[in-house]
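My questions will all concern the structure given below.
Note that the chains take the letters A, B, C, D and E in the order they are written out, and that residue 1 is the start of every chain.
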Amino acid sequence: MKKLSFPGGVHPAEAKLTASAPIENLPLPEKVVIPLQQHIGAPNNPTVKKGDEVFTGTLIGKGDAFVSSPVFSSVTGKVVEIGNFFHPVTGKGIAVAIERKEEEVLDPAIKPVEDPENAEKEVLLETIRAKGIVGMGGATFPTHVKLSPPPSKPIDTLIINGAECEPYLTCDDRLMIESGQEIIKGVKIIQKILNPEKTFIAIEENKPEAISSLQKLLEENMEIVVVKTKYPQGGEKQLIKAILKRDVPSGGLPLDIGIVVQNVGTCFAIYEAVYRGKPLYERVVTVTGEVNNPRNLRVRLGTPVSCLVEFCGGLKEGVNQVIFGGPMMGIAQISLDTPIIKGTSGVLALKRKEFPPEYPCIRCARCVDVCPTSILPTQLAKIVKFEKWDLLEEYHLMDCIECGCCVYVCPSNIPIVQYIKAGKDKLRRMKK
Amino acid sequence: MKSYIVFIKGLWRENPVFRQILGMCPTLAVTGYLSNGIAMGLAVVFVLVASSTVISIFRRLIPKQVRMPTFIVIIATFVVLVDYFLRANYPFLSKKLGPYVPLIVVNCIIMGRQEAFSSKNPVWLSFLDALGMGIGFTLALVILSTVREILGFGTLLGHPVLGQWFTPWVIMALPPGAFLSLGVILGINNTFQKKSTR
Amino acid sequence: MKLVVTTSPHIRSSLSLQKVMYTVILCLLPALFWGIYYFHIRALFLLITCSISTVVTEIIFKKVRKKPVSIGDGSALLTGVLLAMVLPPYLPLWMAALGGFVAISLGKEVFGGLGYNIFNPALLGRAFLMAAFPVQLTTWGIPARASWTSLDAITRATPLATTLPKFSGNGLYPLQKLLFGLHPGSMGEVFSIGLIVGGLILIALRIADFRIPLAAFLTLVILSSIFYFTGENYPSPSFHLLAGGFLLGALFMATDPVTTPYTKKGRWVFGMGMGALIVFIRLFGGYPEGVMYSILIMNAFTPLINRLTRPLPLGGKK
Amino acid sequence: MDFLLIFLAALTTQNIVFAYFLGICPYLGVSRKLDTALGMGMAVTFVMTITALFSWPIFYLILIPRNLPYLELPVFILVIASLVQFLEMYFRKAIPHLYSALGIYLPLITTNCAILGVALFMVLKKYDFIHSLFYTFSTGLGFSLALLIMAGIREDLDLAPVPKNLKGAPLALIIAGLLALAFMGFSGLVKGG
Amino acid sequence: MNYRVKMILTLLVVGAFSGGSLSFVYNKMLPKIEANLKKEIENSLLLLVPAASYKETSFQGKRVFVCRDKAGEVVGYAIIGKGGGFQGEISLLIALDKEGKKILGIDILESQETPGLGAKIDEPFFKKQFKEREAEKLEVIKGKAEKENDIEAITGATISSRAVVSIVNNYVAILKEFVEQNR
């Protein structure tokens, strides 16, 4: 097995504190707050109202659009409020608050697919949609959409993304070690839907245990590829570049060149949906950083982050920042009441020092060297700063994947990604 | 009152060099010595005033379609007159100004004034306008060449003014010095203009 | 509890602007100390004059423009140090001060300050002085007396000026003299070993990119070898490398990120252009030394090089 | 060798902008963007060469034999003005894609003193016909080079907090000065010319 | 009146007026201009050679002057030499004695050397060095002249100094040849 890589990228301290911590179940919280919008796409509408009794796995929100994904109750209890609550991505958003009852009852609608090994492709796809499966790596793009490429674009390669390149996070790693069989079954379901010629499971070289455990379970037409430990190895386009040396066209999607990439966590969720009929109402979350006992937890969606932190022994003295996701692309939270959602792969507590001031760019070009998409981050930041909007497209603004490598290496502490996001906003508004 | 304004505006408010950034080539090229600057300035004043006056006199007779060529020929005639006059009577100066005297013909100030003013205005005003612009141009040349001659040679009109202690800055006599000092003077002038118009 | 909200990424590498600037200054120290030791106290005066001049000029400009004074970043000091290192040690101090003023004002502040300048400020300051006071800028010397505080100097020509264009062997200045800096020259350019060590540390620390020095080195060696081995009376490649300002220029000036291309390909181009220009200016040009002009000329071309070597985004079309 | 010297000198030591200060107005005016600078440079090079093509024979075959050297200036400038006009019309009709690339710069060229200057220099330097053509062509390239460098720098400075009072012409002049300073490095490299 | 006719008429009138006046001025000024040009060389020439009259001839395509005193005796020769300097072309007048053995002196006719620096080749302290030299190959040296044929360079303008000396060397050789042939 050779180590594969892509041009650019950075290698911050890996800090995988929880690499050997088995996944534990978090005790059920007293109350959950489940945001209705947990995916990328059209919004959901609530299907319950205040006072309704719900079971674990009861549908509580759905949308009619193709690019949408339903949400389910993660506990058994009573809807106490439908209103505006903290949302980890959008700040605030519509959510259903449910007070838990002591006894847990599964929704009667939860039924596995009959004879999953031989089920029709359409049945599998519909199950994935109906059970609310989205990309678990953090992108939360509805999985059934990604698995329905137009007939004009046949898929030749499936890549299962187990790179987990963000420092600190270990949820995918642990899942691969502990639930390898389930993941492989999930992969087989995807294979059945897409019928690719080749399937690669990509894992960074710093996860030897996951590699060896999956290696034993491999079935025919699957191959493990070990990729170099480097951020953002887990980015779709970077992974494709590393494994296949193929370029996803600028502004295009992997499926334009016949490739689909799926996260291992998604494979696991697909397995659970198909074989157990279980809707997506819980996930594995790494609680790490400056907490007293970092752990990997299986958490019901909607659980406030304070419950997780408490279970892990609380925050260390001096912690002033809590991030959902990894340190490179995660989102800093305002409140410990923020709930865990489908895309939350980790909770990271940090002692953030005083903000360093922003100095002028000295064109050291470190950002250019590390940019995994080979654009010129510093030029883009300057273009936004000096409001030369007409230059944005010439400098390929939209190709930026916001991985943050440029900011990580910048000696002048320029928040390049922030500028680029502002530029993207501006460009979208100008196009309208 | 009006004729006074027509005359005065070229000196400062619409100074061709400082405000309109016109006639850059001679401004840069011949300002190594004050004497050259003055000579060039006067040559431009003559050509400008003469051609403006002539064109203004005949402005109604010149058909629109041949305006440009007519103007060019008239201007070129006066330029050649100046050139030969200098060559015959001031050979030393003529040599120093070199091809920049014939190049007065493409000095945008002169063509610009014909287009913008003397082809539309009576003789007396055209004369004043040309004189004002010409003197404004000369003024700019005098300022620039004074700075360059003092710093570049320690002299003014050839007379030492800064004494023995001064080491001339050779760069001021060279092209970089010309560009740099004009750039800096324009920058300083911008600062003052902004303050005075505020 | 109050949580701090910042945008991603939430971790940073340990490199900072100050660290870059002060590391460069530290790496210059060996050559600098040798220069002061060899040329005595006048060299120290020169260093102090240049540093004060650049720093004060920057403060004045920031105050006039009502911008925060950013002397702490060390860039103005670095410019001053570099300027002192490329000037003749016995230059009248007021000229050095003028050089520092020009370096910061015309070299940096008119473009908007640190990070926006087109030309290397220190070299620009020297080029200005060279054009303004060519006699003083080409008058070199060695200390007249052994006493450390003696201000007198004996005029001596630099190796490049004596041996070019009529060159016959290493003559007056054998290799070891050039290596250890026992010859007249600019204060910071003579101690070759110190410059090589400092420069290599800088490259090893990844503060400086190796591409430009390497490309310049290879081009210089190859071109000068061609002349050395095929023609008569041309200096050897080793002489080219050690006798003038090549080491300081290639390792410390041409690695100034602000004024050099930001693409890797562009840095190779920059280095090759620089090496070639040095050889041609030295062998055929009007000046005995061409390092300064070659870097300034390549600085002028840098925006064009950047434009022509702009990378294609991943999956982008030509 | 002759040609090489003329060529190198026109690009560097005898650069029409940095050494002779000609064509400064378009140099300051049309150097904001690289694309336009390239177009202008090509148009100027083209017109300069064509000017030599016409004015050399007129001067040496018509004016000199008839002892009319004093008509040099009016004749040259009329030649340039009518050439530009004619070229513009011709391009528009016959070569539209060249017109869209160069055409918009043509009217600007009439007032470009570099064109007339180079025609006068051609006579001053006593070049023969072939040398004149090559000289004017090289000078055009020298002008383009200066224009391109300046445009590259100014595009960079679009993204810089340049002092307000220096924006535009003052800064462009200062940059031109610094470029002339850097180009001094070439002096002596190309002798004579 | 038809505007076409008016157009052509205007151009004709303007052209005639311009041509007429220029021709008038040109013819009036021409003698003066030519006298100026002649005087320029004459001034230099008489500065170098104590002559009463001189005659210009051409030798190998170069302009050569034979100078005579009142009695018509040849007192010296001069040649206009040209060559590349630091910036542009330098043109010199070089005078030899009647034997073609000694340099009587040189004068700069035209140069574009750096003002305040290379332009010092036109200053007496530099030009004086050539006076009374043997008409042999001269050499530029920085600092104090030591050998017989050393010429001290101008400080900071070695290139210009070298250019002048090399032109002098070249053209002295040509002029010596001329003297040989015409004696």
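Assorted remarks:
In this section, a residue touches a chain if its C-beta (ideal position, glycine included) is under 8 Å from a C-beta of that chain, and two chains touch if they have at least 3 such contacts.
As the structure is a computational prediction, the values presented were derived from the model and not from experiment.
Annotation of subunit A and subunit B: jointly contacted by C, D, touch as defined at the top. Listing every chain that touches subunit B and subunit C alike gives D, E. Legend note: the chain whose CA centroid lies nearest the centroid of all displayed protein CA atoms is C. The most distant chain from subunit D is A, comparing centres defined as mean Cα coordinates.
On a Cα centroid basis, the chain most remote from subunit B in this structure is A. Centres computed as Cα averages put subunit A at a distance of 59 Å from subunit D. Computed from the mean C-alpha positions, the centre of subunit A lies at a distance of 85 Å from the centre of subunit E. Between subunit B and subunit E the centroid-to-centroid distance comes to 32 Å (mean Cα coordinates, whole Å). Looking at subunit D, residues 70, 74, 160-161, 163, 166, 171, 174, 177-178, 181, 184, 187-188 sit in touch with two or more other chains.
In subunit B, the residues touching two or more other chains are 69, 73, 76-77, 80, 84, 170-171, 174, 176-177, 180. Counting partner chains per residue, subunit A has no residue touching two or more of them. All chain pairs that touch, listed by label, are A-C, A-D, B-C, B-D, B-E, C-D, C-E, D-E.
Of all residues in subunit B, only 21-22, 24-26, 28-29, 68-69, 72-73, 76-77, 79-80, 83-84, 99, 102-103, 105-108, 111, 171, 174-180, 182-184, 186-187, 190-191, 194 touch subunit D in the complex they form. Interface residues of subunit A, counted against subunit C in their complex, comprise 10, 12, 167, 237, 241, 247-250, 252, 320-323, 325, 327-336, 348, 350, 352, 355-356, 359-366, 368-369, 372-376, 378, 396, 399, 402, 404-405, 407-413, 415, 417-418, 421. Residues of subunit C that touch subunit E in their complex: 134-135, 138-139, 157, 286. Subunit A meets subunit D in the complex at residues 379, 382-383, 385-386, 388, 391.
Residue ranges on subunit E touching subunit C, taken from their complex, read 86, 114, 117, 142, 155-157, 159.
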